[in-house]
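So that you can tell them apart, the chains are marked A, B, C, D, E, F, G, H, I and J in the order they are listed, and the count of residues begins at 1 in each.
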Amino acid sequence: MEFLVRFEINQPESMTQDERERLRTIERARAMELREQGILKRLWRIPGRRAVVGLWDTVDATALHEALASLPMFPWMDVHVEALATHPQEM
Amino acid sequence: MEFLVRFEINQPESMTQDERERLRTIERARAMELREQGILKRLWRIPGRRAVVGLWDTVDATALHEALASLPMFPWMDVHVEALATHPQEM
Amino acid sequence: MEFLVRFEINQPESMTQDERERLRTIERARAMELREQGILKRLWRIPGRRAVVGLWDTVDATALHEALASLPMFPWMDVHVEALATHPQEM
Amino acid sequence: MEFLVRFEINQPESMTQDERERLRTIERARAMELREQGILKRLWRIPGRRAVVGLWDTVDATALHEALASLPMFPWMDVHVEALATHPQEM
Amino acid sequence: MEFLVRFEINQPESMTQDERERLRTIERARAMELREQGILKRLWRIPGRRAVVGLWDTVDATALHEALASLPMFPWMDVHVEALATHPQEM
Amino acid sequence: MEFLVRFEINQPESMTQDERERLRTIERARAMELREQGILKRLWRIPGRRAVVGLWDTVDATALHEALASLPMFPWMDVHVEALATHPQEM
Amino acid sequence: MEFLVRFEINQPESMTQDERERLRTIERARAMELREQGILKRLWRIPGRRAVVGLWDTVDATALHEALASLPMFPWMDVHVEALATHPQEM
Amino acid sequence: MEFLVRFEINQPESMTQDERERLRTIERARAMELREQGILKRLWRIPGRRAVVGLWDTVDATALHEALASLPMFPWMDVHVEALATHPQEM
Amino acid sequence: MEFLVRFEINQPESMTQDERERLRTIERARAMELREQGILKRLWRIPGRRAVVGLWDTVDATALHEALASLPMFPWMDVHVEALATHPQEM
Amino acid sequence: MEFLVRFEINQPESMTQDERERLRTIERARAMELREQGILKRLWRIPGRRAVVGLWDTVDATALHEALASLPMFPWMDVHVEALATHPQEM
């Protein structure tokens, strides 16, 4: 089942540049794993913001939550999830 | 997978009392079928409104849409769906 | 350039079933053309609503408007467009 | 009387991991007591968020407030309560 | 249990002056009955609007819905209900 | 003239328990004075929140502001005021 | 006591030009009376809209409602009222 | 002084195609006059909507209102105006 | 040209009482100058809030911005400006 | 392709006056480069706010994001982007 997931990342001012860099690296690695598992299908950036929209595919909302919570930046992410149904033209 | 579904019914002023009655009867019958299939688990009324919140259980959002669209009052329903994940305390 | 396009269809109560059917048929035909041209890439249904989210790809917002306005149901569509930037992980 | 209660937990960045762990343990214990008393009937997680929706059953809103305020994480919870009426189909 | 109930009345343009008058009379009579039963405790008018805020007292939200639905103008009322808890200073 | 006044109290994390206790005591004392003067007529708690709705009665909005600003917790209160007109049924 | 009153006028499409003209004339006459009584102190137009903001002065919200309801266009006005307190610099 | 003006056109379903065409022609003619007078400086279309954003330049908000009200489609336009100040980099 | 200007003052918790007092004094002095220049015409307090609505009169939005930015409390002010057109009844 | 870009700058209280000055200087220099490249076409100030609206012209939303992210103040900017289509009157 597909979900449209929108999130914005709000890291505290006090986080060091090194810590930000380290998080970016492991975030990217984890995202790659989720892509290989077919869970994360596409990501787009919202222009001008530290925000992304993504297309995710999991068996249900519980599995989606686990996938999102496995991202290293999850503690600083403000996430909104929208459940998608298949459109008749896509069948 | 469970969904919290909120809908409000807005029938046109011009609908006759008979038509309203007829719709109410077949709506109830269809709801009963959905309950027997384990798809519709609970309904609550929002006090003061022609609106309900319900707990639905389908395999995914596509099946949920089909169940909702099978309701006779669907053409007059303004529906909002919220995907629910299992809470760790419920496992 | 990709756009996330969300629209809801609000046809008047007075429209006949025949007219609705005719519109659905030509809408579907036009959508197929836009898919073949690579303009309309994906459509999803918002569960419980006469609404869809779609992924569109045009050279700019002017071309997107023309594509949307070419849909037979356009006069009854309430459309919201969101411009998408490429995510660094997609490059 | 049943209530739909939605809350989000916003603990300060400065809270230690130990304190978070300790709170989670006693929160869970208190929730279990409320379940045994028939006050807390169901909890769901909002996917992607530190937020839950729950179904609560108390004699009135005053008793509901007392139950919510008895949760150890209450000082960091942003709570919204919705009163539910019985749906005719449930009678 | 007390509830703060806010409603706005939207009668159709086409309703005759006579019908409006008749409704106002029976609305007032029904409101008086609800006051005598201790269900409707106070009403205020929102200045400049066909809207009122009221203080209602029923055993639960189901009884509140029944009281509201018994008002002759209920079909044209847009109602919002807020559950109230007793304030410690009032005990 | 009556006003419906809604406020939420947001004290900083850094405030000590003693200071909170001291404020609660003098807040309560000041509220009692306002009740005796007929200015504060009723208070209700919004369930689940550090928020209250109250019914206040002052000669005008300037006097209401002075009454609210005399509360010891005023610097941490987020206040919204709604002017109420007398309902014809109350006359 | 002063109030900031904002209203928008929404007359039905079906109203004739003559009826609109007649309403405009008697509306203006009534507004002039309210100015002479010191109740209506200033009116501004919101540019681009059939909407106005006005400064009104009545003894309380009940008197304000009566003044507003005495306007011939009142049945088509969507009104929002904001109670104003005297600013210390104005005393 | 410049203003950012956003409007959406909502013509009734019942308007004939001929009347729409006639309005479009005279609207365009009036817009051209406003451009020649330096009042209307730019127009953009909001993709997917019967809406435009425009840059207007008038001596004040009163002159802006007169310019907008001189458009033949004004009775069906829902207009929002935003006053713009000169940016220091533009001086 | 007149503007309706609404602002709320949010000074940080850490600001000393002395600094607040000093700011209040020079704010008042600057406001008096703006009144004498005919720029600031009226101020009202929003009851219950550290917020004011004011009527300002400047040649355009650029001059208004300069007047607002000249207030000593400007760095802590959250300002919303609404351009006003002259109402026909005022001419 | 043109975009309407709105942003507000929220620098932390703790930033020194020197740092602010330094940022303003390099921000201005970078903006000038973007103007020379034809990317930044116009900027307006929202009166009363540390906010601007601008007209930007880039090949797509990805290029727009890069231009915005190249501004030295980008980390403290809250940005909203609106894609613009060419209006038929402008062709």
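By definition in this document, a residue touches a chain if its C-beta (ideal position, glycine included) is under 8 Å from a C-beta of that chain, and two chains touch if they have at least 3 such contacts.
Given the structure is predicted, the values throughout are model-derived calculations rather than measurements.
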Which contact partners do chain A and chain I have in common? J
Chain by chain, through touching neighbours only, how many steps does the shortest route from chain A to chain F take? 2
Length of the shortest touching-chain route, chain C through to chain F: 3
With centres defined by CA atoms only, which chain is the most remote from chain F? C
Could you find the chain whose CA centre sits the greatest distance from that of chain A? G
Going through C-J, H-J or E-G one by one, find the pair whose contacts repeat those of B-D for over half of the pairs by residue number. H-J
CA centre of chain B versus CA centre of chain C: separation in Å? 27
Between chain D and chain H, what is the gap in Å from one C-alpha centre to the other? 51
Centre distance in Å when chain B and chain F are each reduced to the mean of their C-alpha atoms: 41
For chain E, residue numbers touching 2 or more other chains are 3, 45-47, 61-62, 64-65, 81, 83-86
All pairs of touching chains? A-B, A-C, A-D, A-J, B-C, B-D, B-E, C-H, C-J, D-E, D-F, E-F, E-G, F-G, F-I, G-H, G-I, H-I, H-J, I-J
Residues of chain C touching chain J in the complex: 1, 3, 60-62, 64-65, 81, 83-86
Applying the document's contact rule, which stretches of chain I touch chain J when the two form their complex? 3, 5, 7, 12, 61-62, 64-65, 68, 77, 79-81
Looking at the complex, which residues from chain J come into contact with chain H? 2, 4, 28, 31-32, 42-47, 52-53, 82-90
Touching residues of chain G toward chain H in the complex: what are they? 13, 45-49
